[in-house]
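Two complexes are shown next, each including subunit A; its partner changes from subunit B in the first to subunit C in the second.
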Partner chain A sequence: MSKPAKTHKIKMMEEQLARKLNRQVVGSLVGCVHCGMCNECCHYVLSHPDDPKMTPSYKADQVRKLFKANHDWTGSVFPWWVGADKAPLTDDDLDKLKDIAFGTCTNCRRCTINCPMGVDTATLNRIMRGLLTHVGVMPEGVRVVSKDQWELGNQMGVLKEDYLDTLEWMSEELEEDLGHGEAAIPVDKPGARVMYAINPREVKYDPRTIKEAALIFWAAGEDWTMPSEGWDNTNFGLFSGDDGLGGASAKREYDKARELGVDKIVISECGHGYRSTRCEGVNWSGDAQAFPMESSVITMLNYIKEGKIVVDPTKNPKRVTFHDSCNNARSCGFYEEPRELLRLVTTDFQEMYPNRAENFCCTGGGGAMSMSEYTPRRLKSAQIKANQIRETGAEIVVTSCHNCVDGLSDLIKHYKLGCEVKQLVDLVADALVLEECYVMKSRPVAVAAVASEEPAAAARPVPVAAPAAAAPLAGRKVLVVDDEEDIRTFLVTVFEDAGAEVEQAADGNECLAKARTFKPDLISLDLSMPGKSGVDAFVELRRTEETQEIPVCVVTGHPEFRQVIYDRPVPPPEGYLNKPVDEDKLVSYVAHIIEHREAKAN
Partner chain B sequence: MIGIRRNVMVERAIGSKRLRMVRGDITDLEVEAFVFDITEDAKLGSGFGGAIQQRGGIVIQKELDTHGSVPTGEAVVTQAGALKAEHIIHVNGPKFREEDEAGKLERAVSSALKVAEEKGIKQLAFPPIGTGMYQVPMDLCAKVMVDVISRHLANGGGLEDVLIVVQDPREIGPFTAKLEGGA
Partner chain C sequence: MHESSSLLHTAEVVHWIALIVMAVVYTMRLRWLFKFKPGVDRSAPGSPARTNAKRGGFYSLFNVAMPWSMESTRKGFAFYLTFVIFHIGVVAGISLAFLSTIAPGLVAARPFAWVCGVALVAAFGVAVYRVFRRLFRPVMKLISTPDDYFSLFMLTIWFGLGAVTQAHLAGVAGFESVNLLVAYLFLTSFFLIYVPFSKISHYLYYPFTRLWIGRTLGHRGSYPIARG
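Up next is the complex of A and B:
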């Protein structure tokens, strides 16, 4: 039987592969002896021991076949021996390659560092991803997120006005917490020493990390700013294999830093953001590295060492363990500093094993969180990570990566580990002894200069608890949707205590009906419900004219919510909170979402 | 809001008409109409499409749904909902290195201009079509877009002011070179 003719897409992929070949890549393409030593390094192999298609060498062989068929003499002489006769030819082959390159590897590089031949399998898998995205073959979530980052400058589709509003909101919260507005977040401050770049997940779903970082910068007396553009330290080009996106995204950060004239970029705790901004982006963009870039972990550690902030580890007494992000540890050799910092801000640190460069992936890396079609496989492959965590007996898993936060949160729920995930910024902020920090100790001098009539000590602001708002949701209407009666009752009570008028629904259909009749100011929506699921209800709410403007705060603990965030068949929810939810955080979050919607409408 | 005049980087006069390059977010531009590079299924999706939905409201996708699909090289016009623009011209440009990229891009730009003329639009903003996610080479895009638009403006019609809205230095260089380099 004759072979089918190569399709146009295959030809384009072959052309693109030729552009990717350099000495290191070719070394990896020809160096594999299929010894199998990489197998036990891979969490997919360990969780699918009977499936040879999970082995790293099998995954790398996919791009190897293309190489052998087009660039290597062995493919001409012994095509049957080196797999060149099995190189992809049709578009149907590409769907299989997509499943392998995106669905069976997180590019964690554990196989790479353990290969006796020095084969960089993760790089080969990323090349295959890049060839596929070049011709438009990729999971829907990868397509959605990549387009957001290309066109809106961040991978979660955050609009500029929403980003700036979140910074303002966090400044207001800090003012409430501290009793003064001195810790407000400076935006686009020319000539600041530090530009702080963050992960859009912080804006969209975890803004408290921005507030905590702002508190630490203020406490250390740092001259810092957040940029209005070029603020996203993440880079989906690393995951999709699209070096063009990688370069464009990184350059936005570099250009903004140059425009502001800052001394350095500080990168918030994001593993792939750190690797992309600090290490890879310079190469992808061809931009000379004109200024220092560092992880916020280093920044916080230095503040403590220099005495700019003072911390009390007894404020974090629970047992913690540390999960090394693959990108930080394996790809950037960055693993001692977070431990040093962790020991300074906690009292009971328990290593998990293996650790550092040998740590296992959280299973959410490589963009896996955005590929909802592979969620069951991802969670199955997380068994080894779950075992690692369980053996530490830790109540808190600490990590310096937002992807890891999500990946670990999902597996903790799935394997019922009963612990929570935190980042170092959370622990440092919790451990701060504000009165001893630079900003407070230096205050008498600063205050005396401008207000010499009053004793300096009296002018020193003392952290005060914010006056509790009597009814932050007074006059608001909230629809609570959850299939579990006790959770519904809890949420209804919280919202009613905050002054809201509340109605409840137990499933998706009831949600849609009550959204039309009750016309709430916000819907608190569980996603995992029998009958019409929360995901379906959410999509229908967004596609219905009379309900599309109602803000939705997803309150769930299940991984299926990733689908509405990443596949995004409709604009994403305004808020997301993980169960179990904190009452104060819920009320404050919901009140802000409603106020923000009103401000936009006006 | 983007002050167009303030953000003009390069300008080419074609008789009494203008082809200008400005920097900004095309979905937030105060302009009569702008072009959105849509997929064949007529879904706004993410990126600029997400911004259009979030800022403009559901009415735009609803109107698109009445068209059903937008074949490659063709264009349809909708209202712009709550956006600052009045209309959006949705055009399906070449995607992901498909065959005859230049020809498809030329047809897409021409279709957008034709729809604009039919609608009586005087001012129209284009993004560099397909150069990000969709992998259309930047030099090719700059050449085709500037040539087709310049030719259209030189041949009469009601369009008076066409903008190319760029965001990054990678776009600015090739479009500046092409705009300054003559027809």
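Up next is the complex of A and C:
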């Protein structure tokens, strides 16, 4: 039987591969002896012992075949001898390749450091992802997120006004907490020492970390700013293998830092953000590194060492363990500083084994959180990580990565580990002894004056919010949708106590009906429900003219909500919270969503 | 060169010609590899107080002799041992082929015969195990190409033939036929010519791949691997 002719896409992939070849890559392509020693180092293999296709060299062989068929002497003459005859030829082969490259590997590089030949399988898999992306073959979530990062400059589709609004909101919250406005977040401050770049997940779903970082910067007396553009430290180019996107995203940050004239970029706790901004971005963009870049972990550690902030570890007495992000530890050698900091701000740190560069992936790496079609496989592969965590007996898993927070949160629920995930910024903020910090010691009188006497501060509307705080949802209508009666009752009580008028629904159909008749200001939506699921109900809400403008806050304990965040068949929800939810956080979050929607409408 | 038969003489000549061919092809292979642009890492050193590219490269290059350095060799220590035995066998086999033509007295000497013979027999045993492993383990079957099978089969035969050739050269009763040496030299010649086109050429690339990954990860700060 004669072979089918190569399709246009395959030819494009071959051309693109030729562009990506360098000595190191070729070394990895020709160096594999198929010894199988990397097999048991991969979390996919360990959790799928009966599926040989999970082995790292099989994944790398996909791009190796393409290389051998086109560049290798033996492969060009006798392709069948070296497996090059199985190189992809038709577009049908590409779907299979997509599943392998995106669905069975998180590019964690654990096999790389365990290959006796020095073969960098993770880099080869990223190259395969890049070839597929080049011809438009990728999971839907990757497509949507990449598009947003190209077009809007951040991977979660956050609009500039929403970003700035969130910074303002966090400044206001800080003002409420501290009783003065000194810790407000500076935006685009020219000549500041530090430019702080964050993960858009912080803006969209976890703004608390921005507030905590702002508090720490203020306490240390730092001259800092957040940029209005180029603030996203993450980079989907790392995951999609698209070096063009990688370079463009990194350059936005560098250009903004240059424009502001800052001394350094401080990168919030994000593993792939750190790797992309600090290490790979300069290679992708060709931009020679002109200024220092560091992780906020190092910044916080230095503040403590220099005495700019003072911490009390007894404020964090629970047992903690530390999960190393693969990008931080394996690809950037960044693993001792988080431990040093952790020991300073907690009292009971239990190491996880293996750790540092040998740690297992959280299973959410490589963009896996955005590929909902692979969620069951991801959660199965998380068994290894779950066992690692369980053995530590920790109540809190600390990590320096937002992706890992999501990956770990999912697996903790799935394997019922009963612990929570935190980042170092949370623990440092909790451990702060504010009265001992630089800012208080250097200006004690001024601060006291701001808190009690400054007329301008007292005249501002936000601090004088006592009545609103008592009933922050007064006059609001909230529809609570959840199939579990006790959770529904809890949510209804919380919202009613906050002054809202509340209706409830137990499934997707009831939700749709009540959304039309009750016309709520916000829907609190569970996703996993019998009958019409929350995901389906959400999509229908968004597609129906009458209900499409109602803000939705997803409150769920299951990972399928990532589908609506990343795949985005319709605009994403305005907020999401993980179960179990904290009452105060729920109310303030929901109040903010409603206020923000109104402000936008006006 | 000794000339106990014209066939043996031919085998020896072919063997040396094959060696020259291999050297030429290897040189071409390396030129090919170095025609690709070098990868450049513009990022600032990851952890200069702890390590650097040089240290990482050095560590990486020699981690083959440090089975504790990788989880795969720590946990798979038995497999690591088979790897060591296999490659000692390769060294013994090559030494036997060359020394039999330039120092026949040495290969016939008892100490050499014992060391080389044991190394070849052990390597043969390991190679047989590896054949079964490749034939019957689903993972190995999935990733193996005809080149992988053929190279391993041929090496297994070469180790076996090397062991009996060593017995012949040491004058062990029952292994008197000079044809053993002739066959061994022809098989070695075949390898010398085949190797640059097969997976066995990995040893040519090995120092470079190890050095490069070591320098990369050393620069980034993760090599040498730290544990705690």
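Methods note: the second predicted complex is superposed on the first by the 576 of 602 C-alpha atoms of A that agree within 3 Å, B and C clash if a C-alpha of one lies under 4 Å from a C-alpha of the other, contacts with A are read in each partner's own complex, and residues count from 1 in each chain.
Just so it is clear, a residue touches a chain if its C-beta (ideal position, glycine included) is under 8 Å from a C-beta of that chain, and two chains touch if they have at least 3 such contacts.
Here the structure is a predicted model, which is why all the values come from computation and not from measurement.
Undergrad: With the two structures overlaid on subunit A, would subunit B and subunit C clash, or do they fit side by side?
TA: Because the two structures are overlaid on the shared chain, the partners are seen to fit without clashing.
Undergrad: First (subunit B), second (subunit C), both or neither: which does A:255 touch?
TA: So A:255 only meets subunit B here.
Undergrad: Determine, under the contact definition given at the top, whether A:157 touches first (subunit B), second (subunit C), both, or neither.
TA: first
Undergrad: Touch test for A:73: subunit B only (first), subunit C only (second), both, or neither?
TA: second
Undergrad: Tell me the angle subtended at the Cα centre of subunit A by the Cα centres of subunit B and subunit C, rounded to the nearest 10 °.
TA: 100
Undergrad: For A:531, using the defined touch cut-off, is the partner it touches subunit B, subunit C, both, or neither? Pick first, second, both or neither.
TA: Once the two structures are laid over each other on A, A:531 reaches no partner at all.
Undergrad: Contacts for A:181 in the overlay, against subunit B (first) and subunit C (second): which applies, first, second, both or neither?
TA: It touches nothing on subunit B or subunit C.
Undergrad: Using the superposition on chain A described above, determine whether A:475 touches subunit B (first), subunit C (second), both, or neither.
TA: After superposition on chain A, A:475 lies in contact with neither partner.
Undergrad: Touch test for A:571: subunit B only (first), subunit C only (second), both, or neither?
TA: first
Undergrad: On subunit A, which partner touches more residues: subunit B or subunit C?
TA: C
Undergrad: On the combined arrangement from the superposition, state the nearest Cα-Cα distance between subunit B and subunit C in Å.
TA: 20
Undergrad: Going by the contact definition given at the top, which residues of subunit A touch subunit B in one complex and subunit C in the other?
TA: Residues common to the subunit A contacts of subunit C and of subunit B do not exist here, since the sets are disjoint.
Undergrad: Would you tell me which residues of subunit A are touching subunit B in their complex?
TA: Touching subunit B: residues 8-9, 12, 134-136, 143-148, 150-153, 157, 159-160, 244-245, 247-248, 251-252, 255, 542-543, 545, 548-549, 568, 570-571 of subunit A.
Undergrad: So in the complex, which bits of subunit A are touching subunit C?
TA: 21-28, 30-41, 52-53, 55, 57-58, 61, 73-74, 80-83, 112-120, 278-280, 282-283, 286, 288-289, 292-293, 329-336, 339, 351, 354-358
Undergrad: Tell me, which parts of subunit C touch subunit A in their complex?
TA: So the residues of subunit C in touch with subunit A come to 33-34, 36-44, 46-47, 50-51, 60, 63-64, 70-73, 75-76, 79, 83, 137-148, 150, 197-199, 201-202, 205-206, 208-214, 216-217, 220-223, 225-228.
Undergrad: State the interface residues of subunit B toward subunit A in the complex, per the touch definition above.
TA: 25, 28, 45-51, 53-55, 57-59, 62, 95-99, 132-135, 167-170
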